[in-house]
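We just call them A, B and C in the order they show up, numbering each chain from 1.
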Amino acid sequence: MNNIIEMVEIGRRFDRSWVLAHMNLTIKKGESVALFGANGSGKSTLLKILATLLSPTTGRFQIFGKNPEKEKSFIRRHLRLLGHDKQLYGSLTPLENLRLAARIRGLDYNDKIFESLLGQLQILPFKDQPIGELSEGTKKKLVLAKLLLGDPELILMDEPYPALDKSGREILGHLIHEWRHEGKTLIIASHDHEETIKHVDRVLTLQGGMISS
Amino acid sequence: MKSKVILIFLILFFAFAQYWGLVRAPADRMMGDVYRILFVHVPAAWNALLLLTVSFVGCLLYLLRRKEFWDRLAHSSMEIGLVLTGLVLPLGSLWAKPTWGVWWTWDPRLTTTMILFILYAGVLILRQLIDDPVRRAKISSAVGLLIYLNVPIVYLSVRWWRSLHQLQSSPSTMDPQMVLALRLNAFALLGLAVFFLVQRMRLLKREALIEEKESLPPPLPRGAQS
Amino acid sequence: MTLFFQQTVAILSKDFLMEYRDRSRLLSTLLFGLLLLLLFSFALSVDPALMRKMAPGLFWLTLFFASTLSLEHSFQKEREEGRWEGLLILGIDPRALFLGKLLGNLLFISLLQLFLLPLMAVLYDIQLSWTLGTVLVLGSLGLSTLGTFYSALTASLREGQFLLPLLLYPMLVPLLLASVKVTELVLARDLFGQQVAWLKLLIVFDIIFLLGSLLTAEFLIDR
């Protein structure tokens, strides 16, 4: 079982238009892959399908060797998605947001762990401030901290760079480095080609609903 | 072609059943000719309930089997059941006015029918709002299930809440000619309802096919490597 | 199983915290309830005896109307910023999410009742009693079960919020009848023991819809 993702002839349509078509994709365990493509080329759609949040219209695929129709919860337990949306609660503090995510994940962490995560992302000083009052970049860092909860095998990132400052990018670079070292599989969709290319083994480009590499 | 023949036959049968009800069956001792409206009212009510039961089965089987066929069955029978339910109410009113002297009473059957109508109309409106066919089928099946479970509860609660004397419309207390007319009409309407059900399901299937054809995935471009 | 309850409690306490931080929703709902009680009494009668007679019906109607706002909000707030998807991807059991929301709504409705009851007692001159409490709990359980179900449903549509009352209220008819009847009987010191039948109906109603909506919640909540 070396392939973490196997997609065969995946297609997805919204109303009458096909966003993805004839998509064949194999990603090996431990690979780190960049996903490039123009606006609207279907990067986010592909990542959502991988995260079992959207079902494909045609084709079939497997993640971790499992069928996403049948073993949704197994797949979800072993992957993490950083999406366009921050998935945070504005009136809760960073600490409370992390605590909620950990409890839903079934992780039995104490506040020390959360604080060290926040420290790692250099946002510890904001830990007790409602998120609604924080800057975009700070929120983005909190989203990154959420990725660190538990021990996901597959990490999907949809545009991780916007809103991050220089130090934020360095931190993320460092995280990615560690993840790769630990043998995790990464997919990064981004428009920031230079930054992304530093961290990946190969580049996939989405065009006309298909991968051209 | 074949369905046209069947339709003509069904209409003729319906006309025959109506003739039996309007002419052959004797006038009622108490109500005179007014009661004859029951020959449409009662069959409509029976068939409405039958079709809504069919739609319940469709909803249940869809959730268990996930085959579009069951969703089409649930959808079509719900629509036809709703039309029949909509017929039952005014027909009942037409009968109630000369008989009870009022258009409407808070009789449990009437009230339940009215609520039923609103509930099922709600599901059909709901269907309009969901674009994705799979989600639409899942959600409306879940709702259809819950609504049907509610029917006996509504009936029971309204009956306990306020019950007028019940009018028995079962054939046992009537003249044999009347019974025959009632049965004929029930079957005639059933035939029509089933006919429309089948047609509606075919139509839905074709719509789905067209939708699918029109939006086939674009063919692989020549030489494309994916 | 323990994870299931952990998730349920996590959702419940998160919602509690959010509503506590932003109390304006609770406050405006309470005031709306008070306002409804006043409006009903203006519209209907000034005769104290008549008011006392109508009190149970008006109480439950007020509760239904006033709770609709917060029921709708209960899933609507998960739609912003991809929170709904965020919960799913964390691996939440859709039924745990449903149950957590249901308990939150039950709590909210109970608070509303606690506020409205003394007001009713004063404005409409009725007697409070412990048996009344049972009815209130059973009634609000049914209301929050179906309310949560339809809240999840309408929030998952792109523009379906307006559908909530249309879909919810007709479903609540038996609940309304039973609750009002038992409340009437309790207030009238039920001489003929009729209330048992109605209480049974209430319990059956609660059980059927609790099971029915827990079994189907997944279809509404998951993609």
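The rule we apply is simple: contacts are C-beta pairs under 8 Å (C-beta built on N, C-alpha and C of every residue); 3 or more make two chains touch, one makes a residue touch a chain.
None of these values were measured; they are calculated from a predicted model.
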Which of line, ring, star, complete or other matches the graph of chains that touch?
complete
Need the most distant chain from chain C, centre defined as the mean of C-alpha atoms.
A
Most centrally placed chain, judged by C-alpha centres:
C
At what distance in angstrom does the C-alpha mean of chain B lie from that of chain A?
49
Approximate Å spacing (C-alpha centroids) for the pair chain A, chain C:
38
Note: chain C sits from chain B at a C-alpha centroid distance in Å of 32
Which chain A residues sit where two or more other chains touch them?
55
Residues of chain C that touch two or more other chains sit at 223
Interface residues, chain A side, partner chain C - complex
51-55, 72-73, 76-77, 79-81, 83-92, 96, 100-101, 103-106, 130
Enumerate the contact residues on chain C facing chain A in the complex.
3, 6-7, 9-11, 14, 17-18, 21-22, 81-83, 85-93, 222-223
Where on chain B does chain A make contact in their complex?
131, 134, 214-215, 217-218, 220-221, 224-226
Hey, which residues of chain B end up touching chain C in the complex?
63, 115, 118-119, 122, 125-126, 129-130, 135, 138-139, 141-143, 145-147, 149-150, 153-154, 156-158, 160-161
Contacting residues of chain C [partner chain B, same complex]:
149, 153, 156-160, 163, 166-167, 170-171, 173-174, 177-178, 181, 197-198, 201, 204-205, 208-209, 212-213, 216, 219-220, 223
